[in-house]
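Each of the two complexes below includes chain A, the first together with chain B, the second together with chain C.
So, the complex of A and B:
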């Protein structure tokens, strides 16, 4: 699992590459745990190369979502593969998290 | 068709488990979503055995057996350690809004497994814990 970050004035984009499981979730957790993340208005998560997510990966996003919302930071996922989106759907997280098809829509969110 | 894998109890081996299950199922031209669901169910049970039952002790090991007939997949995961590990709730129904409010990281794995598989059963055999999963496949 590789996490690359891009920043603009008010947006942090996390590009996920690989499989997010109980072994690799710590890498993403460290990124989302950085205090400066609360300085952004939006955190966009590019899932195009995210080929797998387990409950440990979902747990990383769930554990940070309230903290981000409390600081008015939007968390938006985009470019999600169908098989990964399906994992969010199984737990009903697709209706509780902001997931859009394209980067353009994520930027506009 | 059957296939067997033995792994040491390290979370580094989860990738090997997923590749094993994917390789077994992809030969049947199944949808990527269904294959991923089964891979996820096995990954969740194996991660539970590695982390919670064996404390990530790499000197312990697990045996995975996959058996596929025309329309049914059976999976057996046997923990070769001697701690009997039966998850407290095999079919939980977590309130995800509450999980988000609390910032919880865990407690969803077995919910995923029970929603994906048709049958989820933990039992004791020869002083080892065994998890049996099954699912009808089209």
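So, the complex of A and C:
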């Protein structure tokens, strides 16, 4: 999987490309672990090209969710494929995490 | 009669020949009473030849004088015998002299004749010993061809002896020709001095001195015999047997040739020795690998070998800790005559460059000019820094110092490179061996863990007339993260739990055991409950308490999905809660419809405080006979085919539509068979669990 980042003044956008499994989860975890991430107001996750997410991948978001919330950093997912959204939904994460259809909505959130 | 060894017959014959020789020699001097005068000359020659032949044959059949490669031992033994025989000769000469001055009551030349005969015998014995010692040396590493040549040489020597006996009237020119021919043969054989190469320099000096001694003894005998023959008192016939002359010529020539070769070998002996030391060092190193010793031993071996071989004046070896190696003992550098104070000076040379994992090889043959080690307490001339690294790993660095400048030429470096390469190989081998051992151990432990987990799976399924249960579980690895359990509660109730711990392997397996513990602990009857329905926690309560129990022991990035069902088959209904687990598939027999219970519920361990309460709900459902409930883990619906497509909820639903009327066991088999068909040829990438519960019409108790 490929993780690319774009930054604007108060927003960090992570673009996920490929399958987020146990091995790629490590890469993503390292990205989210960076201390400067708490300086942003928002972290947007572009899931358009995310074709699969394993429980290890979900675990990364779950483990950072609290930390980001504590620092008032919003975590917003957008452009999520239905298959991936299903996984979030089954686990009940859709009620816990901010998942929106489009980037505009994510920016506006 | 005691048995006499065949070789002893030669000695007896030699003794008889010698007596005959003595008598015939005596007979040629002044008349002795009782002894016929002037025995024929041929008899004397036969006695002489017979004695020589017997002694030589005796020596010939003796075991090889050379034991292993103990050349010096052989020469020393020969020298000692030569010395003893020479001393005997000198004593004999002394006796002869004193007999001449003090008139003895013996015929005038008897002592001389006796002394002469004994001396001749001693000489022949000495010659035979030398000849057969040389035989060992000539044939050392010589091969079959050389052995045959030696046999021919022996044979011609024997022929020369025979000729002398039988045809003593040989023409002088023929005799000369034969003599020169044999002499040249001897010279040719003297070229075989391979043994010299196996001596170190001190041994070479010893060999030279010992050979000089042996040569001296030979000359002493020859000198005496030559003089004795010229002695007017002794009218002994000339011992000009070609055989003896040729033997002593060969014995001396071989000694001289060996001596010269050894002498010329001396200057290059050091090179040979260095090579030997290298070879020995390499042998030692490779032996260490085979024995699979520890890394510190291998480092020590390299260190010692390198220092010895290049005669370094100081050295440091800095081992590198390997990834995965426990930092239980600090790695201390090996030092040889290197002052501790100077360690700081070289620290930067021994550690990898910043940003790279590699140490750079550095050869400095003129430290005085480069001033690289300026400030060192010791005046070193040259230095070599050799990294011990393979393509992927850095095992450490070896630093060697020499007082002389230009000590590390290409020759020396090639040796050192061989050493370091061998060391890296040894260390890698060792690591591989260690890894495979660890793997084995892990495998064994995993097998045990799998056994333990196997025991946690309920073996006896609850049975009743009201329902059928069928189970199927398959772990992707030795141990899995899926779990399920049943518990019969009083009052015709059945608690069913299924779940999946995120992640795989041993950690996940531990949490499955924990969930089983939580399940059994929470499903204990509460004796303080006032109402019957409060005696056991309802599904919502169960999930909240389980979530709380997991709060402190689940890693932050882990979570558990679970579904809990409390079936009351007296009332014909069940309550359930879903915590992030796969939706339950249900066949509704009255509506004749297969659908999923689409309920909400958050996985366990995601929110670790009271807020979780709001994220999970209890649902109720009344069932009818013939209803089928399919409970499973995501390993089922996420099973993939060769193209990476997922099995999916929809296919599972459609499959149940085709088989809901069968028994629970048959339905289970049908469904899992379809999943297996779908992912045929693909490795199992997640644990799979499939439970089928079929509700039946109440059967009247009989």
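Everything below uses one rule, namely that the second predicted complex is superposed on the first by the 109 of 109 C-alpha atoms of A that agree within 3 Å, B and C clash if a C-alpha of one lies under 4 Å from a C-alpha of the other, contacts with A are read in each partner's own complex, and residues count from 1 in each chain.
We take it that contacts are C-beta pairs under 8 Å (C-beta built on N, C-alpha and C of every residue); 3 or more make two chains touch, one makes a residue touch a chain.
Treat the numbers as computed from the prediction; the structure is a model and nothing was measured.
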item	value
First, second, both or neither for A:39, with chain B first and chain C second	neither
Which of chain B and chain C A:23 touches, first, second, both or neither	first
Residue contacts with chain A in the superposition, chain B compared against chain C	B
Touched partner set for A:55, first chain B, second chain C, both or neither	both
First (chain B), second (chain C), both or neither touched by A:91	both
Chain B versus chain C as contact partner of A:63, first or second or both or neither	both
Which of chain B and chain C A:71 touches, first, second, both or neither	neither
First (chain B), second (chain C), both or neither touched by A:82	first
Overlap of chain C and chain B interfaces on chain A (superposed complexes)	22, 55-56, 58-60, 62-63, 83, 90-93, 96
Residues of chain A that touch chain C when the two form their complex	22, 29, 55-56, 58-60, 62-63, 83, 90-93, 95-96
In the complex, chain A residues that touch chain B	19, 21-23, 52, 54-56, 58-60, 62-67, 82-84, 86-87, 90-93, 96
Footprint of chain A on chain C - complex, ascending	500, 502-504, 556-559, 561, 579-583, 600-603, 606-607, 615-616, 634, 646
Chain B to chain A touching residues, read off their complex	11-12, 14-15, 18, 32-33, 35-37, 39-40, 43-44, 47, 50-51, 94, 96-97, 99-106, 108-109, 111-112, 115-116
